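Let me give you the structure first, and then I'll get to my questions.
Lettered A, B, C and D in written order, each chain numbered from 1.
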Amino acid sequence: GCGSKAPTTPSGIEASKPSESQTAAPKDFKVGIIFTEAGLGGQSFNDLAFEGVKKAATDLGITYDYVEPKSVSDEAIVQEDMASSEEYDIIICVGAEQIDALKKVAANYPEQKFALIDANLELPNVACYTSKEQEGSFMAGALAALLKQEKVTDKVSDGNTVGVMVGVNNPLLNRFVAGYTAGAKYINPKLEVLVDYVGGFGDPTTAKNIATTFNSKGADVIFHAAGASGMGLFQAAQEKGFVAIGVNLNQNGVAPDNIVASMMKRVDSSAYHAIESTLNGEFKAGLKVMGLADDGVGLNMEGSNIKLPESVTSKLDEIKELVVSGKLVIPAKIEEVNSFLESNKK
Amino acid sequence: MPIIDMRQITKRFPGVVANDKVDFQVEKQEIHCLLGENGSGKTTLMNVLFGLYHPEEGEIFVKGEKVRINNPNDAYKLGIGMVHQHFMLVNQMTVLENIILGNECGNFFLDRKASEDAVRDLITRFNFKLDLNQKIADLSVGMKQRVEIVKTLYRGADIIILDEPTAVLTPQEVADLFVILHQLRREGKTIIFITHKLNETMEMSDSVTVLRKGVKVADLKTRDVNENDLAAHMVGRQVEHIVSDSVDSYGEVVLSIKDLVLNDKTRVPVNLQVRAGEILGIAGVEGNGQQELEELIIGTMPVSSGTIEINGKDITRRPVADRKDMGIGYIPADRHKNAILSNFSIIENYLLGYQKDKEYVKNGFIDYKKLESDTDRLVREFNAKVADIGDPISSLSGGNQQKIVLSREVSHDPVLVIAAQPVRGLDIGAIEFIHKTLLRLRAENKAILLISAELSEVMNLSDRIAVLYEGQVSAEFPRGKYNQEQIGLFMAGKAEKEVGA
Amino acid sequence: MSEATKKRATIKALSALGDFGNSLLSVAIAVIIGGLIILAIGENPIEAYTALIEGSLGNARSIANTFSKSIPLAFTGLAVAMANRGGMLNIGAEGQLHAGAMATALVALALPGLPVVILLPVCIISGVAAGMLVGFIPGYFKAKKQTSEVIVAIMLNYIVTLFMSFLVNGPFKAEGSVSQTNAISEGLMLNKLIENSQLTTALFILLAVAAVQYIFLWKSAPGFQLRAVGSNPSASVSAGMNSKKLMIFSMSLSGGIAALAGVTEVLGKYGRYIEGFSPSFGFTGIAVAILGRNHPGGVLVTSLLFGILDTGALRMGRVTNVSANIIIVIQSLVILLVSAPEIAKMIRRRG
Amino acid sequence: MELFSKMITLTLQLSVPIVLGAMCGTIAERGGIILLGVEGLMLLGAFTGVLGSHITGSAYIGFLFSVAGGAAFGFLYTVFCLKFKAHQSVVGVGVNMFASGITAVLLKVFWNREGMSDPVATIPNVTVPIISEIPVIGMLFKDQSPYLYIMVLIVAAVWVVFYRTRIGLRYRAIGEQPFAVQTSGINVNRYRYVAMTFAGIVAGIGGSFLSLSQNNLFVIDMTAGRGFMGLAANIFGGWNPIGSLLAGTVFAVAQAVRFYVSDLGVPIQFIQMLPYAVTLFILLFVGKKAKGPEALGKLVK
């Protein structure tokens, strides 16, 4: 959320049941966290992971050090530096781009425990967490379609257009695009989904221009995964009176009249989980995929002034069930959206 | 009571005393020449008077009152204006804008009309011919200088300092300038005139102050002296007058120009030949194709029509490098722009133009040993005043820079030397040296093309003279078959085209 | 003669030393101001700077990393210096190094069968060629049409990085969620000089390039021509040089050197092209070049200073609460103050 | 028509930061100071604007903050260039870097946040009564940011000052031949300080347009290259206020088109390239001589 107006504490953490035995936490349990070169700020997954660590600090009494590297190669230096210092009980590496370096460092320091967020690396001392962004985005797309179908608010029109914008064109962000498009068209195949890329995570002005352009082409529900750029979307939504969907954490409070929901990506709970399990002596290497099923991604409507009717929420629950049960496998790539829609025609 | 009275002025720069206890007095309504060789401290003294430099010692009285002149504004308040040797004009702006700059009419907005009226008053009063709306960039040097003078008048100066005003002027322009200066004197102005040309001093000044190495060595009434006395004061010895003697026969034709078009508007073809052992002088008012001629021969300007041959080989379409390889030594008119690399060392300046010469470059690498020893030798041979050959060439005075250029261009055994305005801005000593060198080259059987706006220089040195007017050769004279008036008429375009035998 | 030469050398050395002293003083002022900022945000500057020094020079590995971090900056610095000497401002090093990195990665991937002794040079040469091409364009248009090389290069930076982004997210995208090409073979990577550090034989490439650049500029005839044109184009033309060719040449050379920043990052650190691998090496290179007085030696020293700050920042960020942004501030102050030798002079005069 | 009018509106909005960036460059460089730091000055303006709005709760005071901040940084910039005789291109690189770093540090100080500020009060768009009802032209006055009018005013004011006033004449002369101006008794450096302070103000306003009019918060590096585009527009426009306005508008049109063709199925990177490619194309093939003020980078004593 944007500052005072929105809750910044991610609500996903409650789900992982913080250890009640926090008083017993060893004083010197120390966590190291290495962000991607994009650094903190803009409510990216770096910030989310950081929230998890900070939460662990309050709940569990651990201490932590963090580093914001300036380039991808810095990440390797910091990994090595942290591991060789032997100060850290666990080192959390955020971002798939850290794999190459971690492969070597984790092998060189077999005693050191690592957590890798957003990527998978099979090593005995690395616990990995990835998210199925496409599943959460699918829900967002479905919500967008349903808003229009059910005429939930007068901010949406009869037209057949919705939109999504993401920060840059990369495989991770295209999962959001793929999921959203699939979700929208799954509900209403006639919907047209406008897609654009802001070109960066710190350019709200361009995001706003994209949003107004989308809106002038008829899109009135627009989803974003563009970090701080997304603030421009919300600004446009308020000015032009259309509906937006937030991302990563609950952004509904930024513009409660216009943001209907946020697609949560609970990287924070992954980070929290990594710390907690290590602290409890339950560190487990291997991959943990956070999807709809584990509440690792999902929609959050809290704080929005747009109230969803029962018809919509029940439909969303229904779809969620289909995804959780594995009946719907959501495409992670834009190229796969069409075949998904083909095979799941109603 | 002198209008200007500078007493015991001392101004030091790191390593030099530019003015050493100089006394300098100027009477009201006189034309006063400040004479001296290069580096003798003339400009420095006047910069002190104009408030650009602050002397370490000494005092200044203007109109009888002791004054402190901290900046040019103070100077103007005292009625002192200065025309600098390097014009201080904004090329991109009009004559009017340049004149009024800093003293415009109007409050916040520029009152162009009122400014123009004020300036127009002035130029009619002094009978200047100036188009106020022309851009400075389009003006001739003489015109630019006029603008500078009007600038000082516009600011109310009644004492006008001119720093080497004639160095870059054509004889006609010099004459015009003198008319203007006399006019100014009649109107009650006082003129201080810096120069190192004796004939000018004699011709137009009322009194003279001579500086040598920062010290005042003489102050005299002009009518009491002659040129030789002045020269002796200036350089501290008698000066030779250099004139070429006639030669019976010349060698083969080295440079041959056929139907070359200098001026793309008039497109009149030019034909010229220079033989080995001959100096062909190109006389003419500047701006009549001299620049084009030198550039076309050296190749920095493409030939639109006509041919150029060196020793019978057609070079019309050859690049500059090939031409230099064939043995053209080139002393361009604008040495700062075209002949030196100011912030490079003197040594490296000797490489300029010979960067492919096998003498200095072996397998692509520069033989600095050889280059340095040649530099050392040439600097000595040409008597250039150089503290260290590793210093940047910009640390030398213009005369010494010119000696470097000249020595470089003649030391590679050229077949042809193009010398354009070779002594512009130089003092007697340097001129004497350079002229001697040109004659030595002639004796060594080189072909020499001497382009000069200085008629006396052309007449003293040349075996033949061609006059350029509006991009064409309006006359060609063999040695001895001309007189100054005749050439002057052709230079001014007042005589029919004539090509002598 | 040799006496004079020696004297000249001594004077030169002394004035260089004086310059260097001023620069050191400027760095010290930047560090003090940075310390005050750290103090102002409530942290301990001594602790922070201790961490900075430990992190960059504390042990063999961190020293090695410091060197390795200075390498790309040194390349872009050399590149910009080369162009400056030729009278051109190369603001396009960023685009050039991306082109170089991509070309190297793609060639390495396209010709996997070749033995390393052949493939490695081929990769490097293709990277350099790609950078030269990108540098050639602004040079060409400046020479032929007098278009400002600065805007052309700014535009090219955007165009080239976007094009690389297209390649790495489109035709040459590796499997996975990172925008990168596939990994090139391990064997092709430059050898590490210090175990577990990032310092590779790229250092030798750098030193060789710097040495060659020095010799080229000050000992060779083409280098003399390049400098001459940079200093006074019209005198150079009158002296028989082809100023247009030389302008294009200097920009192309500059592009090729800038490309090496990308090439060595790919071959030394990543083993592939990764989108966004350069934290503005190209722009910082402008500062490195000018602070290094457009001289290869100066560039090496300056880039090392930046390497120390960059590497030390990582440890400083880790063990203190001083954020990486402070280092950016300090670096910018270093740039500003070192570029203004007057400040140091003023302080010396007073002190 | 509807779409067309929206495109016009978009183009106008896009043009504001570029034109203001260009004007900043024009003002500075016409007086002979090389200004590569437009981007940084704009970013600082964006930040000070938000800071002012945050502290006082009034966006208009925020605007004044951006003016004051721009003035202060423009002045400091000149201190480095003139008093400390720093290499002017390097000052630009340094200021851009400084702006990026210091705003990030200050975000932490004022909002204890990384990456972006809290939302603040903004300057709303305005619709000029009556005029906005006129067909066609009316849309220029409907729901526009007041910055658009400020921009036009600035361009007009700079033009008038440059070409119609005494100080303008002197200032332009300074950019060409500072020594000539100095010898006519004018304090060249004082003019440069004043002009650079104005250049800073213009950049500051360009920055606060992004943070207070287009958006309601500060985001690190939110200028996102607009300063560089402005710089290019200034050169392209021939260091001339009207030229800068036109060049900035041309760039804005190219950018506006980018938003309307993003669904053509062309890879997005090529769409994003469009504004730069168009600029490059115009530069290279329509041609534009790069002849700046003669004294660019030259100092006087």
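The rule is simple: a residue touches a chain if its C-beta (ideal position, glycine included) is under 8 Å from a C-beta of that chain, and two chains touch if they have at least 3 such contacts.
These numbers were taken from a predicted model, which means no experiment stands behind them.
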| note | In contact with chain A and chain C alike are the chains D
| note | Chain centres computed over CA atoms; the one at greatest distance from chain A is chain B
| request: Skim through the chains and flag the pair connected by the most C-beta pairs in contact. | output: C-D
| said: How many angstrom lie between the centres of chain A and chain D, each centre taken as the mean Cα position? | reply: 35
| request: Compute the distance, rounded to whole Å, between the mean C-alpha positions of chain B and chain C. | output: 46
| query | With chain centres defined as C-alpha means, what is the inter-centre distance between chain C and chain D in Å? | reply | 29
| request: Could you please state the distance in Å, as a whole number, between where the Cα atoms of chain A are centred and where those of chain B are centred? | output: 76
| remark: Where chain D touches two or more other chains at once, the residues are 104, 267, 269, 272
| field | Contacts with two or more other chains, residues of chain B listed in rising order | value | none
| remark: Residues of chain C that touch at least two other chains are 165-166, 169, 323
| said: Strictly by the criterion at the top, what is the full list of touching chain pairs? | reply: A-C, A-D, B-C, B-D, C-D
| request: Flag every residue of chain A that touches chain D in the complex, lowest number first. | output: 2-5, 39-44, 47, 169, 194-197, 199-200, 202-206, 208-210, 212-213, 216, 227-229, 231-232, 235, 239, 254
| query | Tell me, which parts of chain D touch chain B in their complex? | reply | 164-170, 172-173, 176-177, 179-186, 294
| request: Going by the contact rule at the top, pick out the chain C residues touching chain D in the complex. | output: 37, 41, 89, 91, 141-142, 145-152, 154-156, 158-159, 162-163, 165-166, 169-170, 283-284, 286-287, 290-291, 323, 325-329, 331-333, 335-336, 339-343
| task | Provide the residue numbers of chain C that touch chain A in the complex, in ascending order. | result | 55, 61-62, 65, 69, 165-166, 169, 173, 176-180, 183, 196, 198, 265, 269-271, 274-279, 310-311, 313-315, 317-319, 323-324
| field | In the complex with chain B, residue positions of chain C that touch it | value | 1, 4-5, 7-8, 12, 219-222, 224-225, 227-228, 231-232, 234-242
